[in-house]
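Letters are used for the chains, namely A, B, C and D, taken in the order the chains are written, and counting of residues starts over at 1 for each.
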Amino acid sequence: MTFFAHLAFVHQSALDPAGEHARAIARLWDVFLGITTVIYVLVMIALVVGLLRKREGDASRNPRSTYVIVSIAGGLTVVILFGLLIASIFTGRAIAERPKNAIGITLRGKQWWWQVEYEAAHPSNRILSANELTIPVGVPVTLHLHSSDVIHSFWVPGLHGKRDLIPGHDGSITLLAEKPGVYRGQCAEFCGVQHAKMALWVNAVSPSDYARWADAERTPARAPQTEAEIAGQQVFLRAPCPLCHAIRGTDASGSTAPDLTHLATRRSLGAGALPNTREALGGWIVDAQRAKPGCQMPSINLRPDELSALVDYLGSLR
Amino acid sequence: MNELEERALLEKTWANESGPFAWFRQVDHRSIGRRFLFTAFVWFACGGVLAALMRIQLARPNNAFLSADRYDQIFTLHGITMMFLFGVPVMEALAVYVLPLMLGTRALAFPRANAYAYYLFLFAGIMVYTALLLGMAPDTGWFSYVPLASPMFGPGKRVDIWAELVNFTEISALVVAIEVVVTILKQRAPGMSIHRMPLYVWSMLVTAMMILFAMPSVMVASNFIGLDRLVGTHLFNPAEGGDVLLWQHLFWFFGHPEVYIIFIPGLGIVSSITAVFCRRPVFGYTAMVLSLVATAFMGFGLWVHHMFATGLPQSGESFFTAASMMIAIPSGVQIFCWIATIWLGRPSYRPPFLFVLGFLAIFVIGGLTGVMVASVPLDLQLHDTFFVVAHFHYVLIGGAVFPLLGGIFYWFPKMTGRLMNERLGHLSFWLTFVGFNLTFFPMHKLGLAGMPRRVYTYLPETGWTTLNVLSTIGAGILSLGMLVYFGNALWSMRRGRAAGSNPWDADTLEWSTSSPPPVYNFQHLPVVTSREPLWHEPDQAPIVTGLAPDKREVLITRVLDAAPDHRYTYPHPTVWPFASAVITGMMLVAGLFTPWAFAIGMALLAIFLTGWFWPSNPKKEGDA
Amino acid sequence: MTSSDALPFAEADEYASRRKGLALKRRGPCPLAMTSSDALPIAEADEYANRREGLALKRRGPCPLAMRRVAVLLLVFLALGCKREQRQYRQPPPPTPVKDLRLGRLSPGPTPKIVGIRNPYQGNALAISEGKRLFGAYNCVGCHANGGGGMGPPLMDEKWIYGSEPQNIFATIVQGRPNGMPAFGDKIPDTQVWQLVAYVQSLSGNESALATNGRPDQMQVHRQDQSLPELPPRAAPAVHP
Amino acid sequence: MSARATIDVSELPAHAFGNRSIMWWATVGVIAIEAAVFAATIATYFYLQGNEKSWPPADTPLPDLLWPSINVLILLVSLVPNQIVKSAAEHHNLRTIRIGMIVADLFAVAFVVVRALEFRHLNVSWDSNAYGSITWTLLGFHTFHLVTDLADSIVLTVLMFSRHAHEGKRFVDVAENSFYWYFVVISWIPIYGVLYWAPRLL
């Protein structure tokens, strides 16, 4: 059984590009790798031959031919490096372009999770989520990157290179997914004790699916149905939860922790610390510090029946 | 006065006096140099153990061997150790021992300052490893980026310890750098004009110069962070006009030259060994020297390539890409020259030369991956991943540690009078070589597969497990190789085969005196008439007479042509350097807690330094 | 695999049994949870027990190791250092005073001192900075400003209506007080309340300045928030080489 | 052995001045380090200035010009006794050295006193904003290197009144000390410009 039952594998490789930018970089990589490999092989051959060749004459002489060869080698180095430089600069230009009609998403790095906010003219159309981005295939998406605590770095290798989220220096990065899929990324700048567990996912879906998803996300939370769920909602509102978490459609409106309105649709808890399963959720609530020591989710004291009701309720938030 | 009387008198003049506290009074470059080397290798071993712990932790996903907090302290301290407590100091330490012998002089310039530098370096390591044992070691990485290191996000004293450690080690490194520069420029044997200096000497000159200009930058940075944390300045507080990227500029303006500071001496060692074991001078002396100097200059022009992911203007990025790639040219030229030397020479496969061959095989890879990370687009993918970890270990272990191991093997007989065991030498070489590549080559792939640096654990689904296991196995082999090497050294110190004054039939002056050298290095300073003095009838070479044997007198020569200029008398052993170092250490440690420590500490230090510089008595006075 | 997969339920399960001895009734028990859980309870239990006795801070971490190694002088650092630098992320809720706590009169004046309970985070740097974060996150700032006071009383001075002892502050936060101080009893977990207590104490200088963090990465706040409250604004900063 | 050619150095002097002496080279090394420190700090100053719309930031008054300007004068004048001491040292003229050094030290003391007033008239605290921080830090660094040199000079002055004063290398020390003072002066001019004129002109 894999960590994410509904995920065949984790796609997090720079060598298997699924986005326009990542593809450009991968192409450049092939060029560099090819050329440098050839150079290395040649140098090593020269070295080995130099070691094994038959000797004749006085060891301390400096024949003209050697000067010529060494100078040629030096010259070639310059030429090759220049070629690589040009290739690099062109690729750099290509991946730096910023399209106008891009979908705008604000991504805030926090210790240690990602706050996602889809920009929209009308506030009610904003979508607030955490640790997961859903984007349409073939449409450029521009992420506006902010950090309010320490430096983080956004990196989804399958789609693009890194971009740091630096307090006081807002940046942005544009993604363009070329094929549908789920692309994992994680924070790439050391940001404290849980730097290792600060993952995020990009779901690239067809534009129609994207529209459907967006509509679903905009709706407030699904009202509790079964009495367990109703009880669970009571627990949620009575327990410490609302102080930090929000569930649209209820009184819970905390803003310092992930918005839980559609919690059940997400892949993971604690930015990749745990799978979003019933068991994990229970454990996460009562002892988050075990799965992610140092994270800002406290351990909540709940009676077992409370816990189970709460888990039922949260599990119903699709 | 005949030869024997003169020797006896010199013996008496330069001898380290005995007695309970004599150890703290010694100032001669051989004993300080040996301690320096030994201490540096002790910290190296500690750093190695930390590395092993990290490899164990990463050997399997979701491993609970180390807690996140502990892992952060360990990877931070591993970096700090290798950069501040081993990389730079060990190269300076070797120079402290070898340079005066290679230059044909009786002492290193400013011997007392040298002792002071050593004790500071010693205290630095003790402080930071004590902190680790107390569970309060720095945990923000050796680069200690703000705001993670700022007072708000770095509670406790951990980052302050980092800042003081930087002060300790950089003061020490700067002092030694000045001694090295002065010794090289003013104390060369008569006739060793600037174009006859051995390449190792050139590399140390270049290194010392780089230290003088690079290290102040990090000291400024560390004191800035100290002020922010201790007295509430806002230099790095974005909300009050401070700037967090400022830190990265200051740090990398030091941090990048630091890499060259660490491996340029290695290049010098490689040149020495290559020449001796290929039985011919290194091909293209002038090209080699110019490459070293060019590397030093370019080294200051590419710090920004550590910051590509922060998003800089296109033009700036292109410039720093170009600069970063161009620095591959001088390195390339040197590689070609060594290969040419091997090609033309008569290689003999003894352990020091094997380590040089290992250096060539590894360092070239490091250089080529360096060209990759110099490219902005590639760097956006590779930056802060295990690919970079692999890259700089290929550069630093390949470029500095392998030559160093070769160099220790090479100069060991000069230091101890005994040769290291060659069979064990071969064994240790193959173990370290195989172990190294098995440890670090997979990391290239790991980085491309998306594994970031500085993570204390990872998920099984990421598919990184196999490569990590390989790497951990490699680390085991590498450690084994190191054990064999240092075991060999310790064993040979007592039981090794006795070495004559010149066991390798080498060309430079240190091999013209006995092994180990007498306390006065040379009874008669040699006079140099060629680049390889010992390869051209050394017995006919003229010698220097007339240095007073009853004073610690050295010959000062002119900068360019090394013509004798005047005589200078160095001071006798004293405890002041040690005492001053203790005061400095107490000041810096107290400075963790209150800024006033520096006011009081400086006052105390002034008193001690006065005691240091005050001439002991008119007959044997002098200061350093 | 995976252990991480299994742990949570086991955790929840055994956590529950800890508190009430009740077992959380498990829907469709996942086998993996079973397998990996059996090892846990024992280890967990005695670790928990140790923590109960408040030994955790001393027992865990490298301190005993250090004791053996470092010289006498360093033992001083050890005492300070370890306490201050402890990063005990999985503190169980320490014994709560509230249950057995009754304040005589909720009016100004001397308050009965609650005995036998100490703040497990006294002098701990991480706890204080966490408390600082929570002070903002839970909007204590709203009424108390940054300790300067507003709607609510200032916290930086020495005047404490309901007692300045850590346990009194704890009680004040948990039970609430007349004229606006809400009861956060079941809103804020005890661990975090203690962290807030540690921070609030640091505001009035009742915490070691060495353990409190310096200026925040925010707009200037009052001086007391800095590590050197007594430093006169015009005195020269000690600058070292 | 006797067959070998020899170079007899017993006739060479036991000390030398200027770039012939190792003390001079060491001093140059120290100067290089401190120059690098000041360069990094000044670069920081302008980097931070680049982040602000106005410099000094809104409602932060400018630093007063009076005292620092006086200090510039003090330093420039102090070059006279300094140069006298230097040449006196090179001519082994002990009497002039002793008088000259006392005068030079007095100048340095005056400078430090005025420096205290300077700090009082920066009109900003180091912890009020980044501008205040970097201003205090830059001035602090310069004060530090000034005070250390002052202490050094005083010790040397006392030494020149002791029985050790007559040894040749003492004169070299004096000469190098004066040489270093030139750097103290030269480094102050740009820092003065940065701290007091950059906020006004730039």
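The working rule: a residue touches a chain if its C-beta (ideal position, glycine included) is under 8 Å from a C-beta of that chain, and two chains touch if they have at least 3 such contacts.
Everything quoted here is computed from the prediction, not taken from an experiment.
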{"item": "Of B-D and A-B, whichever chain pair has more C-beta contact pairs", "value": "A-B"}
{"item": "Reference chain B; chain at largest CA-centroid distance", "value": "C"}
{"item": "Between chain D and chain B, distance of the C-alpha-averaged centres to the nearest whole Å", "value": "31"}
{"item": "Chain A and chain D: spacing of chain centres that average the CA atoms, whole Å", "value": "53"}
{"item": "Where chain A and chain B are represented by their mean Cα positions, the distance between them in whole Å", "value": "38"}
{"item": "Per-residue overlap in chain D, given as positions that touch at least 2 other chains", "value": "126-129, 136-137, 148"}
{"item": "Sites on chain A at which at least two other chains make contact", "value": "3, 167, 193, 293-294"}
{"item": "For chain C, residues that touch 2 or more chains besides their own", "value": "1-2, 4, 87, 89, 215, 217, 220, 226, 237, 239-241"}
{"item": "Touching residues on chain B, where the partner in the complex is chain A", "value": "67-69, 72, 139-141, 145, 147-148, 153, 238-239, 243-245, 278-281, 283-284, 287, 309-311, 314, 317-318, 321-322, 325-326, 328-329, 332-333, 335-337, 339-340, 342-347, 357, 360-361, 364-365, 368-369, 371-372, 375-385, 448-450, 452-463"}
{"item": "Residue numbers on chain B that touch chain C, as the complex places them", "value": "62, 69, 130-136, 147, 150-158, 167, 171, 219, 223, 226-234, 236-240, 459-460, 587-588, 591, 593-599, 602"}
{"item": "Sites on chain D touched by chain B in the complex", "value": "1, 3-16, 19-22, 25-26, 29-30, 32-34, 36-37, 40-41, 44, 47-48, 51-52, 57, 126-134, 136-137, 147-148, 151, 155, 159, 163-164, 167, 169, 173"}
{"item": "In the complex, chain B residues that touch chain D", "value": "3, 109-110, 174, 177-178, 181-182, 185-187, 190, 212-213, 215-217, 219-221, 224, 227-228, 231-235, 237, 240-243, 246, 249-250, 253, 524, 527, 539-548, 555-556, 558-559, 564-569, 602, 606, 610, 613-615, 618, 621-623"}
{"item": "Touching residues on chain C, where the partner in the complex is chain B", "value": "1-4, 61-63, 65-66, 69-70, 74, 77-78, 81-82, 84-87, 89, 125-126, 128-129, 210-211, 213-220, 226-228, 231, 237-241"}
